[in-house]
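Below, chain A partners chain B and then partners chain C, in two separate complexes.
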Partner chain A sequence: MIRILSALIRASLMVSFQYRSDLFFEAATGILRCFSAIAPLWLAFQHTTAIAGWTPPQAMLVMSLFLLFHALQGGLFEPNLGEVVQLIRQGNLDLWLIKPADAQLLVSLRRIDPSYLWDFGVSILMAGVCIAQIGPISALDAALAALLAVNGVLAMYGLWMLAICTSFYFVRVDNLRYLLTTAADAGRWPASVFSTGIRWALTAGVPILLVTSTPAEALRGQWTWTTVAGSLGIGLAFVGLARVAWMRSLASYTSASS
Partner chain B sequence: MIEVEQLTKVYRVPIREPGIVGSVTSLWRREYKEVRAVDAIDFSVAAGERVGFLGPNGAGKTTTLKMLTGLLHPSAGSCRVAGWKPQDRQRDFLRTITLVMGQKQQLIWDLPAIETFALNKALFDIPSKQYAETLSELTKLLSLQEFLHQPVRNLSLGQRMRCELAAALLHRPKVLFLDEPTIGMDVEVQAIVRQFIIEYNQRYEATIMLTSHDMADVARMVRRVILIDRGVVRYDGSLEGLSREFGSGRTLVVRGNGPVLDRLGFSLMEDDKRRLTISPDRVNEVLGDILRELPQVELTVVDPPLDDVLRRAFGEKRE
Partner chain C sequence: MSSLWRHLKATPAMFRVSLADTVAYRAELAIWVLTATLPLVMLALWETIAAGAPIAGMTKIEVSRYFAAALIVRQLTGAWIVWEMNFEIRNGSLSAKLLKPLHPIWVWAVWTVSAMPFRMIVLTPLLALLAWARPELLTLPAAPDLALFAVSVTLALALAFLVQTAFGSLAFFMDRSIGMFSLWFGLWSFLSGYIAPTAFFPSWAQNILYYLPFRATLSIPVEILSGRLHGGLAWQEIGIQCVWVCVFGIIARTLWNTGVARYEAFGS
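Take a look at the complex of A and B:
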């Protein structure tokens, strides 16, 4: 699997490096994207000292986790899962399905968009600064936060995969993807700013809070074993459902006429 | 190597009334009809055989190939390729086969073909030594050397297709499914590709199933053909048998002149060549008549063109 992944990443990077001038514009766009995301929060903190109980470094930590996810979504989910729709419509999915590797893995990881590496770098840096400002964090809190962040990303991946599987039946599902990315935008705010209903929707429906607020709360030491188990359960459910949906979709795949 | 029993594929296709009213209505009430793309077909292909799978557009050729490669799950019936059930998509099965689609490409557009080969090396887990040997062999056989390191987007169609073939064969598959492999190529490249496929078949004793609308491909590359039309196998046998069964007859071409030719109804072609098409069972009788009166005449017996045979085959069966 590592051999296949490194070959896919190598090919992806080489394609990007074919267009050198683009690299500079991509870098500028990525950095600008991060700053424009931070701007509203920064402006808000010019007039208040806390948002729904979250201090500036804590809220900025949520924002940096959101940007980290945004980088994964733009750099990995969009170019791979987003393109499955196109692959199905044009019949080119056939060429990936006859490779002797897990087809779900291939369609999920066959391309990366390196332009989002800038977002990735900036958000990691931001998260580091925020964590340093929050103060001492126990090893358990840090480990749980990391586990919950990975779990949250997997849950969102599962949701994306479920959405993409619908394209095997309905072919054009672009608007569903836009709906997902728009809903995921809510993840830039701490969970406590939302009402209970919306918080549930953003935890178990479009589980973006599992990527942002839940790990940030763990870093603040605000977690219980129940919330950890619940989060992991939701993550597992999304990944499991995505796998079942993918296998069912392959069984009913009709390919495109040639 | 390939066993197909009662293989069936039924598609559920949405239908709607034409025009804007139909489009709007289909938003909440959609009707479907079932299309039997492949309808209970049976055939088997022995290891090392080269078989042409022919039929008009929409006959079910590509659907069958896609079921044999595991891309589509059969609606009924079964198929086995090299002992595997294709729809299980076992990795060893996928390492045994390849599918080349003349109208689709796996080469990475912005990179040289050698980079797609490197990716396939990883995907198919080809040992480095075997990869180097096969690559060198394919490079030589397909004359790839001069453009192997150029971005695919800068290659001509013929060069791209040769690279496609190499990419599809790097793992040395034992069963090749070729769907219109020479489509859009010029005559010279077609000849290279045909020769290469025959050599690959002989060198590795690979089994080859080929679909093509180009009868020169068929005549050059296969000895056996399976005719499919509207999802049903109409003929399975030798090329010669096909001509006998569906050909309009055999054509005698004579260079010379004599009353016997006029009497038998020969028509003038060009210069002093004359031609007569007759049913196969009359050939010996007519040859005897000619040779009795014109023993020194130059005479050729020609099978009908394959295109004509197929046109008749599909025309007759549809009537």
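Take a look at the complex of A and C:
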């Protein structure tokens, strides 16, 4: 499985670097995208010293985690899972199903959109600067934050996969992913900005807060075993549900060519 | 003259067809509308900050009213033809449109306007929810201001449409027209008053923003609707909107005409 994984990633990187001429344009877009994401935060801190208890570096860390996820979403989820809708409609999914490896893994990691590598780099740099400014962090907090961040990304992957599975049954669901990206956009702000209802929706419905605010809180040492267990539970549930939905959808898939 | 008459005569029928088309893909449109609820997120954020002290002279309630108005204006000025244009230019389906005796841009314009009633229907539950949870946020301005709002929001829609036509026409010349539009959109969302009222900017920035096209597509009608902009000052800003509509009208027309002249898609 690890071998397949690394082969997939290598192949998709090779494909994406065929189009080097766009690199400059994409660098400009990526950097501007990050800038336009930080700009509102900069504006907010012109008028206040803390947003709902979050100081500038802490709020900025939430933003960098969001940008990191945004890069994953745009560079990995969108080109792969978004394409599955097309594959199903045109019948090309059959070509992937007959390959001797797990089809879910294959359709999830076929391609990488290199334009988001810039965002990825910039957001990691930003996160690093923020963490340095927040000050000393205990090893346990840091480890938990990393675990929770990975868990959050997996939860969002599960949600994307669930959305994609609906395209086995309905034709026009392309826009479902716009809905997902928009809902995820709310994750760029610290969770405590929102009312309890919205916070729940963004934790258990579209679990974007698990990617952004939850790890950032853990890094500040503001976690309890209940929140950690709850977050991991939600993450597992999304990934598990996605797997079940994918297997079920495949079982009922009648293919376009057979 | 006969061309104009032909276009006007065909418009009611086009309107009916577009309306039927919109209703046929209602689930898709509902998703588009939901994606435009960002003002509610910004409302939550800025309300939290304004709860302590007024921001740039705007109290918490004024900030909230601003974003409630932004939610409505965003829907009324929604134009999404840049993707449609890009798609039709690249895959050649534009060729069929060019054969018809109606100008393709007119067809897209009617299509954009015919989506409005439906956008309003989908917006209704959102507004109802807002009216129930926060009735103080939805106040109507006085009749003269309402008339100003009608003028301003129409100009904003026209400008949004023309900007997209200009960026859509770029597809004749380059593969990256959608990328160019996302760049514009990134700038727009920050500078148009979509994520923060322009009053929150430092005053030097406000002076520049006053003359840029971004405010003209959103924050001018929003400020009129939320009761922050009245009378003469509002007319001045509407004047700026008119100028930008003309400028982008000329840009869009030039790009389109040059583009069509060198258009070589499949099947042409």
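Throughout what follows, the second predicted complex is superposed on the first by the 256 of 258 C-alpha atoms of A that agree within 3 Å, B and C clash if a C-alpha of one lies under 4 Å from a C-alpha of the other, contacts with A are read in each partner's own complex, and residues count from 1 in each chain.
Just so it is clear, a residue touches a chain if its C-beta (ideal position, glycine included) is under 8 Å from a C-beta of that chain, and two chains touch if they have at least 3 such contacts.
The model shown is predicted, which means the values in this text are computed figures rather than measured ones.
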Touching partner for A:A251 - first (chain B), second (chain C), both, neither: first
Which superposed partner A:M14 touches (first chain B, second chain C, both, neither): first
Partner chain(s) touched by A:I98 [first = chain B, second = chain C, both, neither]: first
Partner chain(s) touched by A:R3 [first = chain B, second = chain C, both, neither]: first
First, second, both or neither for A:L162, with chain B first and chain C second: neither
Touch list for chain A against partner chain B, complex: 3-4, 6-8, 10-11, 14-15, 18-19, 91-92, 94-95, 97-101, 103, 250-255, 257-258
Of chain A, residues touching chain C in the complex: 22, 25-26, 28-29, 32-33, 36, 39-40, 43-44, 46-48, 51-52, 172, 175-176, 178-179, 182, 185-186, 189, 192-195, 198
Residue ranges of chain B in contact with chain A within the complex: 11, 62, 66, 69-73, 87, 89, 91-92, 94-95, 97-99, 101, 103-106, 108, 110-111, 115-116, 118-119, 121-125, 151, 179-180
Chain C to chain A touching residues, read off their complex: 25, 27-28, 31-32, 34-35, 37-38, 41, 44-46, 48-49, 52, 55-56, 176, 179, 182-183, 186-187, 189-190, 195-196, 200-202
